[in-house]
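Have a look at these structures, which come just after this line.
Next, two complexes with subunit A in common: one pairs it with subunit B, the other with subunit C.
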Partner chain A sequence: MNVKRYLRLLGIQLKASGLLSLQYRADFFTEGLTSLFWTFTALAPLFVVYGERPNIEGWSFGEALLVVGWFTLLQGILEGAINPSLTGVVEHIRKGTLDFVLLKPADAQFLVSTQRFQPWRAFNVLTGIGLFVYAFMHLGRWPSVTGLLASVLLLGTSTLLLYSLWILTVSAAFFVVRVDNLTYLFTSIFDFARWPSSVFQGVGRGVLTMVFTYVIPLALMTTFPAQAMLGRLPPQSLVGAVVGAGLFAWGSRQVWLRSIRRYTSASS
Partner chain B sequence: MISVRGLRKHYKVHKRPPGLKAALRSLIHRSYTTVKAVDGISFDIRPGERVGFLGPNGAGKTTTLKVLSGLLYPSDGEVTVDGHVPQKREEAFLKKIMLVMGQKQQLLWDLPPAETFELNRAIYDVPQAQYKKTMSDLIELLEIGDLIGKPTRQLSLGERMKCELAAALIHQPRVLFLDEPTIGLDVAMQATMRTFIKEYNEKYGATLILTSHYMDDVAALCPRVIVIDKGLLSYDGGLDALVQRVRPEKRVVLRLSEEVDAGRLSPLGRVVTHEPGTAVLQVQQEAVNATITRALSTLPVMDLTVENAPLEEVMSELFAESKARRTAVSEPVSA
Partner chain C sequence: MSARTTLRAFPTLLRVGFAEAVAYRAEMLIWVLSTTMPLVNMVLWMAVSREAPVGRFGEADFISYFLATFAVRQLATSWAAWLINWEVKQGTLAMRLLRPISPLWAYAVESIAAFPMRLMVGVPVMLLSVALVGQKAVPQHAWQWGFVVLSVIGGWAVAFLANVAIGALCFFLESSQKVLEVWLVLFFVCSGYMYPVELLPPTLRTIIDWLPFRYQIGVPVEMLTGAHGWEASLRLLAAQWAWVAVLGVVAAVAWKQGVRRFAAFGG
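Entry: the complex of A and B
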């Protein structure tokens, strides 16, 4: 794969999305407002729960805020960079225009994954960072440099994981006609990521925690980076997250390639 | 340029009888039938040729085009396009071909066509200088200079189709597959498209395969036609020869200075239409001269032309013929 060529392609796709976003300037303000609104609704249960007791499963209020911060930030990435492109795939399949993508002399997964960005959703990323600052002020201390570096690395793995999960969801569109329900299911499941993963330990003897760590790796996405910021993440977990995210991405790529092969051998 | 040997494409489709009971049963036990979209066709196309694919809906035309462009895996048979095996979808192959579908569009809906052009330039690695040259040629030939800056959604169907063609030709494909490129366009726009497609073929020596329901497209563009019906190749050759074979009769169109009785027309040949002032007769080719002489001497003829039967009619007759042949399986087949 020619990296320079693909970077140039990415640049052009970003430019097109940028142009599109500028056409709808009002979106910036509506996005900002909805983002703030959703952040407050996301925080409300936290206030309710922590009003009763000082900590839950070893997480204090400030620490749990960090998880919500990561959840909000990743939601910004999901809705700004991943979701718009990949829902476009479903549209492509439905309208039969995926043919045009497959006719192009470039990687189809790359082309569909970069076709659309919604830069205004970056507002959620800013809100997430704001929550980090507030959380640490509440905790009365600041993260260590290594903790910060680890969390930045985990931002990469979390994004990769989210992207791979979406590719898997979208690949389902090749097998079932209506994928809308699947995307709803995905966003609902992602909602669990706003809580520290150990919160679910009491449910079904830790089965849920297992599921969210290994099957749908939500814990890796928000709890791990928050732990890294707090300096509580064991090094082996960091390595595990990097390797796991890599494997997950590889696996989802294989599923995607298989789905494309099925599409080209079955559709008319 | 293109070689197709024994191409077959079969689909397994889920089939179930109508009704709720059958629908419920099919959730558990599914029965499948095989649809033979293309069932063993062979042909060769030379570089620079313009070939028309004809056939009724569901004949296998689009399936064949999709196999040729690498979008579908053939179930059986060998296909090569300029030395490449299409379904491998190698970059070198994809850079040589393009498929234009009249019913589907690749232009970005909310942005001006110019953005799609720029994107395609990058995807196909077209050098900047060549891109500028091709673009200015395309803009001039298609007269799209003031369209490419407007958002695609604001363009009319015809304008959009012209920009679609431009977007498809930026990398100067050596092989161009056109699937119903003029569908839904008005007569003037159809003519513009035809002229352009022909000019492109002549200028760049591109090989061209066209499917269309408008026979005028095929008549204007394709010296050679391949007729596909129910997945089988039923004719491959010149368009004129096809018309001759299916409908050897000629049409004599008479413009009359006064009304004449039907009784005076019928001895001349079979009356196709008869209105005050005009009459159309169908006669055997060898009887054309005699009919003309007789018409001129017995009727108040102002003007007279001899034509072939309209292509649409020829085609529907051809398809009806092959359908009749298929239904009468027990009878010996006559060509």
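Entry: the complex of A and C
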């Protein structure tokens, strides 16, 4: 009953966003072109690096390209589905209009997280898929069915992790008011996810690997799915990723509930 | 709008700008933390050079190169294009135009006045670089330090003037944010921000030598890591300031033509 109601709500929110986006159809091309262009910044260092070496920390060019593909795909999800809604929350907090959301008879986190989708911004999802195809052509083989299934499952956990990290960032908005540039901070931390995580091994005696696996789980988001596609992700890592993402989402939910208690409307 | 009024207003504008930079220091810190790109690339290149050096770059050289990039990026940067777009859209540019001093000077001063605060980030990063890599992370001769100062100022000027030129396009295009994005992508790829341009194939390097991007970040960073001898440094600095002159003319013309088309909304 409750689930049905929330599904219907999600449908309504999606429809509203969809209609709004249809008014700006031309954006599909401008947004698409610019995001394709930005992808170039992720690829250029890879070309330069692999021009020097055939293999880096056990990753060949095609394999590292898969990680960049996952990075690009998740960027598309972030830009199209997560960012628009959650920047809206920051705006709500600053202006004090979050009151209207809190008064509605539905879960506030659900409402703010689904308030806005920008499908044209999600162009990078297509670019990411294009990169997968190119990478596998380069490798000269195709992924196994189980590998693909595992990577689809990991797409779910990666999205959940990304979303939870964003919720944590947004919760900070209740404590520090000026946070529109927290968006940039967030994306620039996410930038570290563009390389295979084994690159971090030698830095600071493995501390960085620990941080990016357990504290800010960037390795789980891009390296794990790429490994799954290649069929070399150990099963226990897959289970660990699913359980870890679940725990992370639960934790961020608790932080959100605590933070929202601190909300005082702007006008009073 | 004579030169004398501009000069007389300068100290006050600098003081105001500095006070603003101090007041919004937390925000500035977040901006600083969000320029992680050199560090992202540093870890990659460190992994690459662990077994054997790449060109003349060993692991330590990459550390000093990218920390210098991070430090220079704090200074040789400008957000004027974004600001101009915003002010034109909001109509607040009208107020700036009423003042007896060109808005361009105001934008420039705002960014220069933030230098002391930004140095407070850049200098410790360079000290860290020296602590990690040793003395060779910074220039050894006094004349090289002169080149560092001049090239960082030049790098800032390239960034600022290009920003003004792109910002002025919004008088003609409604919004020039997309043009700015194109510029930024080219900047990332061609400037030495993500990798030393030395590591690129020769043909690409020749093209990049003729483009402005390298002179914003790459050249100051190379000076700061003492990569060049006297003659090469002089040649690069001349090329950099030639670009400053070209961009200065382009920015001035674009702005002058653009402002004529400006019409603020509202009363």
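One rule holds in what follows: the second predicted complex is superposed on the first by the 261 of 268 C-alpha atoms of A that agree within 3 Å, B and C clash if a C-alpha of one lies under 4 Å from a C-alpha of the other, contacts with A are read in each partner's own complex, and residues count from 1 in each chain.
The working rule: a residue touches a chain if its C-beta (ideal position, glycine included) is under 8 Å from a C-beta of that chain, and two chains touch if they have at least 3 such contacts.
Please read all numbers here as calculations on a predicted model, not as lab measurements.
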Check whether A:W195 is in contact with subunit B, with subunit C, with both or with neither, and answer first, second, both or neither. second
Contacts of A:Y184 with subunit B and subunit C, given as first, second, both or neither: second
So, A:F224: does it touch subunit B (first), subunit C (second), both, or neither? neither
A:F71 contacts which: subunit B (first), subunit C (second), both, neither? neither
Hey, is it subunit B or subunit C that touches more of subunit A? C
Once the shared chain is lined up, is A:L103 touching subunit B (first), subunit C (second), both, or neither of them? first
Should A:I56 be classified as contacting the first partner (subunit B), the second (subunit C), both, or neither? second
Per the contact definition in the header, classify A:R5: touching subunit B only (first), subunit C only (second), both, or neither. first
When the two structures are overlaid on chain A, which partner does A:F123 contact: first (subunit B), second (subunit C), both, or neither? neither
Contacting residues of subunit C [partner subunit A, same complex]: 26-27, 30-31, 33-37, 40-41, 43-48, 50, 54, 178, 181-182, 185, 188-189, 194-195, 199-201
In their shared complex, subunit B is touched by residues of subunit A numbered 5, 8-9, 12-13, 16, 19-20, 23, 95-97, 99-100, 102-106, 111, 261, 264-268
Spell out the part of subunit B that touches subunit A in their complex, as residue ranges. 11, 37, 62-63, 66, 69-73, 87, 89, 91-92, 94-95, 97-99, 101, 104-106, 108, 110-111, 115, 118-119, 122-125
Using the touch definition up top, name the residues of subunit A that touch subunit C in the complex. 30, 34, 37-38, 40-41, 44-45, 48-49, 51-53, 56-57, 176, 178, 181-182, 184-185, 187-189, 191-192, 194-195, 198-203, 208
